[in-house]
């Protein structure tokens, strides 16, 4: 489907993009083999691009008590609740790769209660879903339940901050009709041999 | 109520905060006369602090088709829908000051349909509320209605991006039980003489 | 904003209003210094006016286990949930005055879970919100929780009756687009010296 | 089922009830052949009883553009939406009698869109349901639609005020677990010969 | 109201209906004294008719731990939640007859929490309502609660399967605007002598 | 994950299953190369098994105005709304195969408004979603919109009946925690060469 635009908004030509942003785009292209559309869609707003990815990296690449796969689980489950096609498909691909599990992303996208999850991960996602959907009702008991499963309060912040960041990202992508790259759909589904 | 903590999480001592963040805190203190609690609550996570305020400034301080008061209107109306006490109270204060209207913030916090708004601003807030609450249902017709009221597509992006950013901010503040400074409640209510 | 009507419906001239209603209006004016718009908006229906205020007085002025401030807390929190601008603003003013707390009304209008409340008052408002929003689900356990916080069953009736009365009042005010007087917004915010 | 109490709260003995309330109870008993439980349940609060029935009579017995059957239609449809057993059953009986239609009450209690209604009555109930369930969203267009069906603005007030009064009544009855008299269930179902 | 059609879709003439379906229709007519409209509405799709009633009979006529009345209770309560007029009225009639209780159907149609139910039947209906309205949230704890009330896991399947079958039936009847026969409304209300 | 059970309920040994059901199971196994778990989960209730698949076949295998791919689209979109993991994954596989499109199922599972759909298919799914989620609000206008897109009223019945049948199927699968076979996740994603 090569003629479907990747966004409701015009996408800048790569040569019109500021140097630092172009560098980041080339870097991700080299690593992934293609440019995820979010980089192209946001490039039209350089300051927002820079802040978005600085925030993303601060949450998704930092050290901490959550594994990379667990962070992507939060993204997939909450993005599905927000009906964000881009984030479910793109981060579902990352989740399959990080967790080395070809099934988990589709499970989380439909119903995290039916996914193959340890009790710890189930508690993590219950908290993330509450932050995403009913943050005004968060209470001490929600933190206590996380502690029962071995999460520290720093982990709780991480879970909530990821859910919150993608609450923003989901709304931007839905507003812009940001289209996931076709490559994402298949990534991590077939074991590499 | 001096003994109510400003966050569910510990707040760093100002001398333990990185230099650039401390400078920003002193700067806002000088301008406002006090330090809004969001700066203290987020300071414990320097990278997230920097990204948060870079994003905030990119959306709220930039040039564009929306006035400063209009941007704050989006914040107040969507933050009320998300039941975020900090954002409603703090940005309500800014809105009263920018719009020179002591009533508008309280009106928007209860029901934007009953506020004293021009048709243009009503359309702006209807769009912002849809981005905040039902972003998966955004359609071409929503953009068309904005255009009918004189908004460009760049304005539409701005409206949506502000609503999206505060969707994140609301969830963080609710999670952290971030307390608004007492000063905000009264700001802009009494005409300065 | 002197030219915005106080109701979607015509308001009778004070000289056309029945004697007893006019007396009540003059009485409140003398006490408050202005005539709250609800008196003018309802005056066009004298029988309804009389029943409305008789009911109001029976619930809000009676002796009982709830303080005046607590009754107004119920009004503010449930009226915010019903998006009733008039009741939030007018009763927010009364709450600030009765509770001698300039912040509590704004807190309750956004999220009663984040307000500065004793556990007793939190339980009172949880019950009031359930009556207002999900009365069909009220069960024995709801009354038991009130008793745990020292409320009698008569107090429970009072809480519920106030929430129920303002469920009506909110709907009337929303239907009539009843506008709060500008005076209410500032009342009780600045300590009298 | 003679041993199921008619309310969660104690019901006063008839001889302990104030004279005027007792008179009203005897009057309704003489007319109906039994005492509807709402009179007994509310009698424990004489001032609230008097205000409740004064308001009820002002809305339900007054002259106006709505027939008695139409007023009861509003009660039945909105009370079903609020899951109030007492009001659906008791006012369903009155509706069957006033409308001389044994089916209409059950239809409205399940789904007013599937009931045998003229377009005028359908518009009346759509407005009443919006007042009952989403009053914060009432707009000029809602009044315009009523006018298209021949309703005056006074009729609109009547429709809304009945929906609002029973929003209160439903919450009181649900809170008190007010039980409908067994007699109501069958009234108006069998043509009198 | 003889001129209101029984369905939004054309109903086949009885002589055009396949032999086996006609036989079933005559059989139910002989037993009930009239032909419930569901048989006529579905007859236009013979294969669907046969599967529908085979499924219905497998769930409603089989042996098992649930009485006939209890099965109809599930139908009435869940169909009311789905606003299906046909199923509430037709199965309400069956429930009154099987349970020899003229009141229970109307109670369940408004609010199963306020109906005259044993704790066992209340637990049964809580489970059925969850299957009907929030099946994605069903957890082990829901089955445990049923066991506490003496239900086997086979009973749990029966409760859920009936709720699920009528989730389908409700949607079909709502789509087709399937009209309940007038006879159902009165059945089982007057004790036969 | 070989040790996760395929259902919350025990699954019968294949040799204990009635002859006709065993035949159907062998038949599907021969065609698909594996036995979809729904056949094993339902086999414990032979009468329900037979009715379920008779109904399924009457809707999904019949001639008519909807293509096989379109029928599966209805299943995937409505099953996602009901959070049914089995149906989304199993019918997503069929949809990819029938539509020869490796992306469409994941798109529909997240947000049918963002999927690559013709206006005709979008209208079909809007109708199916309304039947699935708000069937009590179906009106003549919904059928008119389908006709505008070239659907006959027989097509409308088909769309609604498929949505209704899977409303049942989703609830059964959620109740039983019916697990999709791992094979489904990858089917139709890689072009066969």
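The first chain written gets the first letter, and so on, giving A, B, C, D, E and F; residue counts start at 1 in each chain.
As a working rule, contacts are C-beta pairs under 8 Å (C-beta built on N, C-alpha and C of every residue); 3 or more make two chains touch, one makes a residue touch a chain.
The structure displayed is predicted, hence computed values, not measured ones.
Novice: What chain groups remain joined by touching if chain D is not counted?
Specialist: one piece
Novice: Do the two copies chain E and chain F share over half of their interface residue numbers, or under half; same or different?
Specialist: same
Novice: Please compute the angle of the rotation superposing chain A on chain D (C-alpha atoms), rounded to a multiple of 5 degrees.
Specialist: Best-fit rotation on C-alpha atoms: 180 degrees.
Novice: Need the CA-centroid distance for the pair chain C / chain D, whole Å please.
Specialist: Roughly 24 Å separates the two chain centres.
Novice: How many angstrom lie between the CA centroids of chain D and chain F, rounded to a whole number?
Specialist: The computed centroid separation for chain D versus chain F comes out at 44 Å.
Novice: I'd like to verify one number: the distance from the centre of chain B to the centre of chain C, where each centre is the average of its C-alpha atoms, in whole angstrom.
Specialist: For chain B versus chain C, the centre distance works out to 28 Å.
Novice: Can you list every residue of chain C that touches 2 or more other chains, as numbers and ranges?
Specialist: Each of 83-84, 111, 113-114, 136, 174, 177 in chain C touches at least two other chains.
Novice: Output every touching chain pair, sorted by label.
Specialist: A-B, A-C, A-E, A-F, B-C, B-D, B-F, C-D, C-E, D-E, D-F, E-F
Novice: Taking the complex as given, what residues does chain D use to touch chain F?
Specialist: Residues of chain D touching chain F: 111, 113-114.
Novice: In the complex of these two chains, what residues of chain F are touching chain A?
Specialist: Per the stated touch rule, the residues are 1, 4, 80, 83-85, 88-89, 102-103, 106-107, 109-111, 113-116, 174, 177, 182, 185-186, 189-190.
Novice: Of all residues in chain D, which touch chain B in the complex?
Specialist: Touching chain B from chain D are residues 136-137, 139.
Novice: Quick one: in the complex, what on chain A touches chain B?
Specialist: Spelled out, the residues of chain A in touch with chain B are 8-9, 45, 47-48, 50-52, 54-55, 57-59, 62, 82-84, 131-132, 135-136, 138, 140, 143, 153, 156-157, 160-161, 163-165, 167-172, 174-177.
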